[in-house]
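A short worksheet on the structure shown next.
Chain IDs A, B, C and D follow the sequence of writing; residue 1 opens each chain.
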Amino acid sequence: MSLYFSALMDTQPTEAVEILANRYGKARIRLMHVTRNGARHEVRELTVRVLCEGEFESSYSDADNSQVLPTDTMKNTVYVLAKKHGIGAIERFGRILGEHFLTNSQAASKVEVEIEEQPWSRIEVGGKPHGSAFLSAGAEHRTARVVTTRASCTVEAGLANLLVLKSSASSFEGFLQDEYTTLKNTSDRIMATSMKATWRYDASELAYDVVWAGVRRSILETFAEHVSKSVQHTLYDIGKVTLETFPQIAEIHIVMPNKHCLPVDFQRFGMSNDNDIFVPTDEPHGYIEARLGRTN
Amino acid sequence: MSLYFSALMDTQPTEAVEILANRYGKARIRLMHVTRNGARHEVRELTVRVLCEGEFESSYSDADNSQVLPTDTMKNTVYVLAKKHGIGAIERFGRILGEHFLTNSQAASKVEVEIEEQPWSRIEVGGKPHGSAFLSAGAEHRTARVVTTRASCTVEAGLANLLVLKSSASSFEGFLQDEYTTLKNTSDRIMATSMKATWRYDASELAYDVVWAGVRRSILETFAEHVSKSVQHTLYDIGKVTLETFPQIAEIHIVMPNKHCLPVDFQRFGMSNDNDIFVPTDEPHGYIEARLGRTN
Amino acid sequence: MSLYFSALMDTQPTEAVEILANRYGKARIRLMHVTRNGARHEVRELTVRVLCEGEFESSYSDADNSQVLPTDTMKNTVYVLAKKHGIGAIERFGRILGEHFLTNSQAASKVEVEIEEQPWSRIEVGGKPHGSAFLSAGAEHRTARVVTTRASCTVEAGLANLLVLKSSASSFEGFLQDEYTTLKNTSDRIMATSMKATWRYDASELAYDVVWAGVRRSILETFAEHVSKSVQHTLYDIGKVTLETFPQIAEIHIVMPNKHCLPVDFQRFGMSNDNDIFVPTDEPHGYIEARLGRTN
Amino acid sequence: MSLYFSALMDTQPTEAVEILANRYGKARIRLMHVTRNGARHEVRELTVRVLCEGEFESSYSDADNSQVLPTDTMKNTVYVLAKKHGIGAIERFGRILGEHFLTNSQAASKVEVEIEEQPWSRIEVGGKPHGSAFLSAGAEHRTARVVTTRASCTVEAGLANLLVLKSSASSFEGFLQDEYTTLKNTSDRIMATSMKATWRYDASELAYDVVWAGVRRSILETFAEHVSKSVQHTLYDIGKVTLETFPQIAEIHIVMPNKHCLPVDFQRFGMSNDNDIFVPTDEPHGYIEARLGRTN
């Protein structure tokens, strides 16, 4: 018998064990929704995760499943609610799911729904968007995270995998140096990042699609126009512009890995270094993140 | 000592070993090229693989490295030639690389260069494309494969990860059935695929960019408009249209995995099945491929 | 000019923005360390992430880099400290790194170091472990997370990607049912999971390697011997046995995705269902997690 | 209407299109097989791909599905045949599948079955292997490729993702140099590779498991003991030992990417370079492959 497992059989544990936190649910629920208005279809592709927290301790400690709604049911429910209510903005769909699971699971006190949307665009035929043929709009996706409790509902929107690059107006100079610093000051470098941003709304009800599109546009334009002295500097101004432009947003959290593009040294080959040829790298990468809010 | 390795020490091998084929080179050489015309920059991102074939047997059998140009040198060379000649069409850059390595490696008789281009688009600011800020144009990439020998040069162009979907005009009926067939005929299904297509040009010199853009457009439009009776059927018509439209193309090879979208069964929940909610799946997937050419 | 970015130029923002949290550092620093004791070598492969928190607001809001130790320096430092001090247990190496960065960055008040170790085993030759030839010991890795502040040091150890499966003694019955529940009670199923566990030590100094190996053994043995009534149930007993066996551990956090193996329905083919052939799936998957501690 | 697609409507194509090659089937069919001998279970996990070639042109050019066995049926069949015949050696299972599909599809003239086996080992409890609890045996997998025609059957066995490393007895010197060569000769380096090897058997019937285990052992021992002057050199000797030891093998094909471990330069920090700290890298990587056979 197991040396360790036999501990469970001991009649007198010297010390009791406590569940400090727990949650369970279903992840990677994938859904494709097609709406047909005659020849003009809409397609929406989502990946959903539902997690419930609450009075589930006995399912862990006593193998009491009586309060455990199966994660398979959660999956079924996502499909049924999509059919009943449509998708709409993913923030809205997240709220519908959260409310449903609180209703159908007495033990749950908090439901977290995370939704990623994989965007599709229309294929153009003869210069016109086709009604029912679609092309992936890329690896970037829109995200929502809705946390519903019996007393409140928190809605976060976001985007992930926003892969952007600027080839001008990016420097990094005047940094702290110690005995292991070999990096040189640079007044002109490439800045590339795969941005993830999430922002929390003040209200749970608003024009999600409109605001989301505005924030995305704001992030892209600020990134493009910013005269950057560091990734931190650019991240901050992106957050600042977003908060100043969208009063609906209470807080924004931005993660900007620095996907370094290393200049190739051509002097080894008797050629000049002209800051034109780089090696893009995935690892190691810088990691910069911050959460910005409003001063009271 | 190793039971097996000691075989090498045997003075009298009962049977001799022959090298039937061999090649070597460098893969995943990543390159970012920035061209600056004042405030308007161009960025190009490539991933290159160079493989050489030829009289390299002695490097294997006799550890004779005297004819082995290091793969590290191949990597350096990709950067140097990009600087010297620019990139241009990736087919052209592949030809430059192939010719160079044949020249610099006497033992090489054949050089295969494969290039993937990761496309970037411009970020729009105030509705206008920015000069030096870019957004990834998605997971789709353009490909080239150039095979250069001392006598000839073969140029293939292509695209990969072209993720497309059509929600109408796709059926699959009248197929062969045996005792393990459970699939039902369907007159209306989603067809989704991540297409890979490569085509070989008749001539090595042509307007690569123009033709490539035309072929991509042709593939997308044919996919969109086709009334599909199977993936095979659509694949064929895509190939046929391409060959009929572009006389420069001698052959086209298309791979279309069938990324099944499975309809959710709502009758289990007392609801109707309306062909509106699907589960997109990655595995298992259908796999359909064909190579099409011209009848002599 | 950007509609949004111009907001930054406004002289009188109506509302000020505040940095609520921030951190920065370097991720995916990869390191291979070889120790040579004559013909017997040791190899260790690590991937390190270093993140600093502290008085870095001005680098965001004022582009003041004077307190910013470059992430490139962090990378260099990981290599230098590995050379100076060796690796030892990764928990120990994490502490050395944490202390170093607090010393070399006045602005930092907290340093989080995460280390993953990719294990290597020895190739056996003639039944004996070779001195300098190694085989990957699999996708599972050992992890450490060390958080160092000017006042304290918290050490967490862990493992990730522990892919395990049991083909007996796993049931799931008596669960809550609602109108969308289609799952059947099952008294005999496959349970498969890719476990991630992390545990926090009471003390920062202890025999890390010995305890880690004991915890891993305990997790595996408990998983194997447990008569499971749910993933929750097994997770709990794994945590309980660990806490009861290892007094050095204050808390343990376990994540067990349920990688469903779906029985194939053979009745469709006139054959019996014998619970012998399954479809392993990656998505959707159950997600079960809990954090366990000691009752005071 | 599409500019391109309308080409299909032309009544008089100037040139006809021909299908030069085609095949179709199902990929990523995943299967877990459990055999229960009392308390001692065996688990086998496979991923299967089935591709058929033959007289399928009309399914492409005329949308005639009457000879097309659905790929969904292929998937079902893999499960049914696993149940009827068990798995046994994957080479054997591949032959059963190949023969079945030739029988059930009149149009097929050639069936290619590729099988990957993901290995599981037993969890040890109290030092003894458990009967029904398993631990993934790593990312390495065993492979088989069986090509069945109406006249013949070719069986290839193999392994993939064999991640190995040697920290001694590896040099690379005396190589060809040109104006872009910066690599230095090295008499002592790390050699790391993720090997893929496939070998073709002379006979279709043999003790697959025994031979496979012998070949794997031979590859590992030869890799370990070899005094390597290049990746090519080691690859060759691995192939040579295999062919000399296993007369059942007609040919072996080996791919050895060179996963470079780059020495860190410590002289920049006033420290000595002792060949002890390396940066393991995934890209770019060397790529070396060869196919070896027997001299007639």
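Just so it is clear, a residue touches a chain if its C-beta (ideal position, glycine included) is under 8 Å from a C-beta of that chain, and two chains touch if they have at least 3 such contacts.
Source: prediction; values computed, not measured.
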Worksheet, complete the sentence: Output for shared partners of chain A and chain B reads C, D
Discussion item. By mean C-alpha position, what chain is farthest away from chain B?
Written reply: C
Item to complete: Compute the distance, rounded to whole Å, between the mean C-alpha positions of chain C and chain D.
Response: 30
Worksheet, complete the sentence: chain B and chain D have mean C-alpha positions lying a whole-number Å distance apart equal to 20
Practice prompt. Could you please state the distance in Å, as a whole number, between where the Cα atoms of chain A are centred and where those of chain D are centred?
Written response: 36
Practice prompt. Could you list the positions in chain B whose residues touch two or more of the other chains?
Written response: 1-3, 5, 30, 76, 80, 125-126, 180, 182, 221, 224-225, 269, 282-283
Item to complete: Please name which positions on chain C make contact with chain B in the complex.
Response: 1-3, 5, 125-126, 179-180, 182, 268-269, 282-283
Discussion item. Help me check something: in the complex, which residues belonging to chain D touch chain B?
Written reply: 1-5, 7-8, 10, 13-30, 49, 51, 56, 59-61, 63-73, 75-77, 80, 104-105, 172-178, 180-183, 217-218, 221-222, 224-226, 229-233, 235-237, 239-245, 251, 257-258, 282-295
Worksheet entry | Residues of chain B defined as touching chain A within the complex | 30-36, 39, 41, 43, 45, 76, 79-80, 82-83, 120, 123-126, 130-140, 162-169, 190, 220-221, 223-225, 261, 264, 266, 269, 271, 274-281
